[in-house]
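Have a look at these structures, which come just after this line.
In what follows, chain A forms one complex with chain B and a second complex with chain C.
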Partner chain A sequence: MKQSRSQRALGRLLPTLVLIASAIFFAFPLLAMARFAFQNLQVIDLGWNNLFEKWSFSSITASFSDDFFAEALTLSLKLAVGTALFTLGLLIPTAVWVHLRLPKARVFVEFLTILPYVIPAIALVAGIVVVKPHARWFLNSDYSLIPFYVVLALPFTYRSIDTGLRAIDLKVLVEASRSLGSTWIATLFRVVIPNLRAAIISSTFLTVAVVLGEYTISDVLLKRTFPSFMAQYRQSDPRGGYALAILALLGTTLLFVAIGVLSKSRSTRPQQVSRSQENEILV
Partner chain B sequence: MTSLSFTGIRKTFGTTVALESFDLALQPGELVSLLGPSGCGKTTALRIAAGFEIPDTGVVSLGESVITDTPAHRRNMGMVFQSYSLFPNLTVAQNVDFGLRNRKVEKAKRNSRVGEMLELVQLGELGKRYPHQLSGGQQQRVALARALAVQPEVLLLDEPLSALDAKVRSTLRDEIRRIQTELKTTTLFVTHDQDEALAISDRIGVMSNGRLEQLGTPEDVYLRPASPFVARFVGSINELPNSNGVGKILMRPEDITISENENELTMRGTVTRVTFQGPVTIISVRVDINDQLVNVHAASGSIHVQVGDRVSLAVTPGRGIVEAA
Partner chain C sequence: MAFTHTSPKKDEGVVATAAAPLLFSVLRRVSAWSGLIPFFLFLILFLFIPAISVFSQALHDADGSFGFSAMREAISGQNLDAFIFSLKFSAGAAFVGVVFGGFLAYAAATATRPRWLRNIVSSFSGVAANMGGLPLAFAFLSLLGRQGLGTKILNAFGWDLYAGDFKLGEVSGLITVYSYFNIPLMVLVTLPAIDGLKSSWREACANLGGSAWTYWRRVGLPILAPSLLGGFLLLFANSFSAYATARQLTDNSKIVPLRISFFLGGDISIGEDAVGYSLAAWMIILMGISMAAYWLLRRRAERWSNS
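Presenting the complex of A and B:
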């Protein structure tokens, strides 16, 4: 009995230890990066004794005043919005159609959407290089990045929408809407989309995270997006570059926290009325 | 003049024939139930009426108009589904209002209609609640109000009670019949529950393997089944040997009595089980003639037998249906 109690205690302790070890594993490099970016000390002088000394935001404020900072950030934000809209416009009708009319094709579509995750972005870049001479009119525009970002974000965004659709009784809701006189478009906007709120929020944030982190394609196409700017800025001012990286990381983390909070607020609805309560109400 | 009618409908899904030579015409204001086991085609017929399936051949009409290829949203039919189909993002009142908004009814009229409908299903106080705050029975009432709000030409009910427990089911069943009679809405009701169909319908269509086996009043279907399948599917049945030795006679348990006399028309047997079911007691007797088990329904308290008793069974003449061998 004693042994089983100690085993249970170990069972409870072990996950906590793993969690702490993982936290340390992730936190230490970030802490080191933050010290490098925000402490006005020579790298060689950084030690435990001066952990709390000479912290300053000067490196990041200097990067804000760079001529290209606002331009790059604005472009990336515009691209994020464009990519999110394009993704939702493409994915929601497609996923709804697959769920309703081609349920057997779901596995195939899932496989297709995971390809960008399996095939590295550099392969997509190789493809772009081949078609570049024939599609300059398109690739010259900054917004030509949007279709590429849509593809890159697909493994995350499709899963998010797909999960949202699985969580509702799509077929019945669509048929109920149709029987009440709604066209397909009205059904999509009045029934499907409002009930995919959490999935759409999560898909949008994931898209934004992908756009704010993608470097390879924008660099090949010579677009000055925020990640490209960060990479270039790091070459001239390494501390400022890493400070920007931390800022981007913080932004992405906040997006994921927001996904968690918003998804949770959907799932913490009051419980369905129980059968016994129902009998009291109705009989 | 008929309301909804199906003529010569055939519908297949791959190699499976869901409906074959299906003909049915509903009179205005009547409630017709389609009753049958799973996979008999009853839901397919309902979905064809709603416009969710298009038949391979045949014609669906609504009054004088052919609606075989009319899209679902232009059919003016109200439908209540088996599973809860309220829109989770809308309140009860907004759900009931949904179809009225689609029809661009002006706001004042819509509000008054929503109120009327919620009163009709006795949920007038719950307009501001969301579906997840309602019980299953309440959700189906709202679904009924929503379907009726648009004043549909035909109300389609796809096993709307099957997700509810027995007590709520029976209350809501009576409620549906009351409302349907009050509004005189032509209704097609799909169910696999014979008690439900017998209790609620003006006529019942019993279906098997995609075909309509019998269409008649509940009394017709129960007392005068057109085929052995109908006799077996609706109510309980005993299979007795035919006196000429060919085939069987199918008899309802209430058409067999335990007789004190013994003659050439009675069968002898041994009581194997006595099941008290409130007003009725089911007495199971293993008859000597073919060693089959025969169930007899007797008013509780009218007969006192015990397991092992030897008894004689008498059949009510003219009430059986002969099944050829």
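Presenting the complex of A and C:
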């Protein structure tokens, strides 16, 4: 290739600059929040000279003892478990069915699963407010959030399970199991699900991350979930609010790291699979 | 479990249509689709009914009869201002995300030296792309809020961020904050496309006497174009519909999702109720158009990454 030396140096410098600038942009907000949350100083006084002074976890331990903390966290965790189970119970049979009996519907079903992007949470909750007078017996319960959270997580979870199914030879496995005399139920639980373990775990983690971070619906419907509590708590104690946010971030990050590790461990599979795994987080 | 009672025949009806009577093949087709009934029921109950209810409320006139007055009101006056404002910052945030995300993805994909670099960038993007919501808003409040640490640092360099009309809840601020999840999202969308660029194409271009510029203008960018454009639409939809982050940053009711929740909050007379739903209805229409275009573009982009 005919390239002058200066051109090539520029070609190497530019990506480096982009990477450094991105590192700064992505690290600084988190670092700033950490100082706000864990330094026991007035926000106005934070500066270079007291960078290492008075760090403490007092803000977060104080928030733990708030009356509503345990209540909100328990509700969110219950919702997370409920949503994850509901998701698996609904999506595994559906995805397996599509792969076995209706391959031509695959694109159609995949299209349906990205509809939550078309009807975002704020529009969905507007619809819930309309329906509410007709279904108070259901929607008054905190647990009525579960199916809606299943909807919100659908683009991520379906894709994750679908990718898992593509990576195994489902048809052969099922036919082998059936011809050895196994029932459908046994085939599902003893052949399909064990082979989908990684996909199931990553879709569960994705669900949990979505539920623990969901704010729109619970804010409009005035449910006391963990994010709502976090927002409310910040009003009375900003430092505690920031500390809770950091805690939530750490939790979610761990979940995603776990997903990453899980999808790596399957890298013995063909290249194509691991590549599509890379963006299973989104549409 | 839906498929416990299925017949053991698993061929896709190819053989059946030739020989078996029509009724039989119709039955088979129906039974094949019947396995999706639980899934369809679920979507109807928890996604379609709410969405249709929004439209049914939006298409009511003040006297309760069918009409478009609320839909019209939702795109006039202050509501129109809100839509323009939201369009502006969402398009801006999407543009910034596409440009920086594209460069970052390219830098990560082509960097060879630290081998872990690409993995770090793609894993981090997976986390950050999903990091909307409260923590993100809090992080930027502590960095670029009025008392934020970044604001102070910039001040020390003689740049008073708040001297102009910068505010986290205004266009420039929202673009900055939303870039935090838009750029990583773009990285995730474009990395596979950039991987799809074969080095042989670049070599072929060089052999034919093309410069790096020729390569990008005639080969690279045209191939990436569907991915980049699709990415733009995805980021646009993502920014337009974000609620939680915006809600914590500002009370600015020029942001459409905040405006919808303001109407849903219900401190307003009954007649204006429909306007809130009309805003939501317009939003669904807008998101529908962007996502449909995104879907088509993605199909097109996959043409190169599958080979």
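By definition in this document, the second predicted complex is superposed on the first by the 242 of 283 C-alpha atoms of A that agree within 3 Å, B and C clash if a C-alpha of one lies under 4 Å from a C-alpha of the other, contacts with A are read in each partner's own complex, and residues count from 1 in each chain.
In this text, a contact is a pair of C-beta atoms (placed from the backbone, for glycine too) under 8 Å apart; a residue touches a chain by one contact, two chains touch by 3 or more.
Every value quoted in this text rests on a predicted model; they were computed, and no experiment measured them.
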Which of chain B and chain C A:Leu41 touches, first, second, both or neither: neither
First (chain B), second (chain C), both or neither touched by A:Leu77: neither
Comparison of chain B and chain C by chain A residues contacted: C
Contacts of A:Asp169 with chain B and chain C, given as first, second, both or neither: first
Which of chain B and chain C A:Pro147 touches, first, second, both or neither: second
Chain B versus chain C as contact partner of A:Arg178, first or second or both or neither: both
Contacts of A:Val109 with chain B and chain C, given as first, second, both or neither: second
Which of chain B and chain C A:Val96 touches, first, second, both or neither: second
Touching both chain C and chain B, counted on chain A across the two superposed complexes: 175, 178, 183, 272, 275, 278-279, 281-283
Contact footprint of chain A on chain C as seen in their complex: 1-4, 6, 8, 10, 12, 32-33, 35-36, 38-39, 42-43, 45-47, 49-54, 56-57, 100, 103-104, 106-108, 110-111, 117, 121-124, 126-136, 138-140, 142-143, 147-150, 152, 179-180, 183, 185, 188-189, 191-192, 195, 206, 211-212, 234, 237, 241, 243-244, 247-248, 257, 260-261, 264-265, 276-277, 280-281, 283-284, 287-288, 291, 294-295, 298, 305-306
Chain C-facing residues of chain A, complex: 1-3, 7, 11, 14-16, 18-19, 22, 25-26, 28-33, 35-37, 43-44, 46-47, 90-91, 93-94, 96-98, 100-105, 109, 111-112, 114-131, 147-148, 150-151, 171, 175, 178, 183-185, 188, 209, 213-216, 219-220, 227, 230-231, 234, 241-242, 245-246, 248-249, 252-253, 256-257, 259-260, 272, 275-276, 278-279, 281-283
Interface residues, chain B side, partner chain A - complex: 50-52, 71-79, 81, 83-89, 98-99, 102-103, 132-138, 143, 146-147, 150, 156, 165, 167-168, 171-172
Chain A residues within the chain B interface of the complex: 168-169, 172-173, 175-183, 186, 190-191, 194-195, 197, 269-270, 272-275, 277-279, 281-283
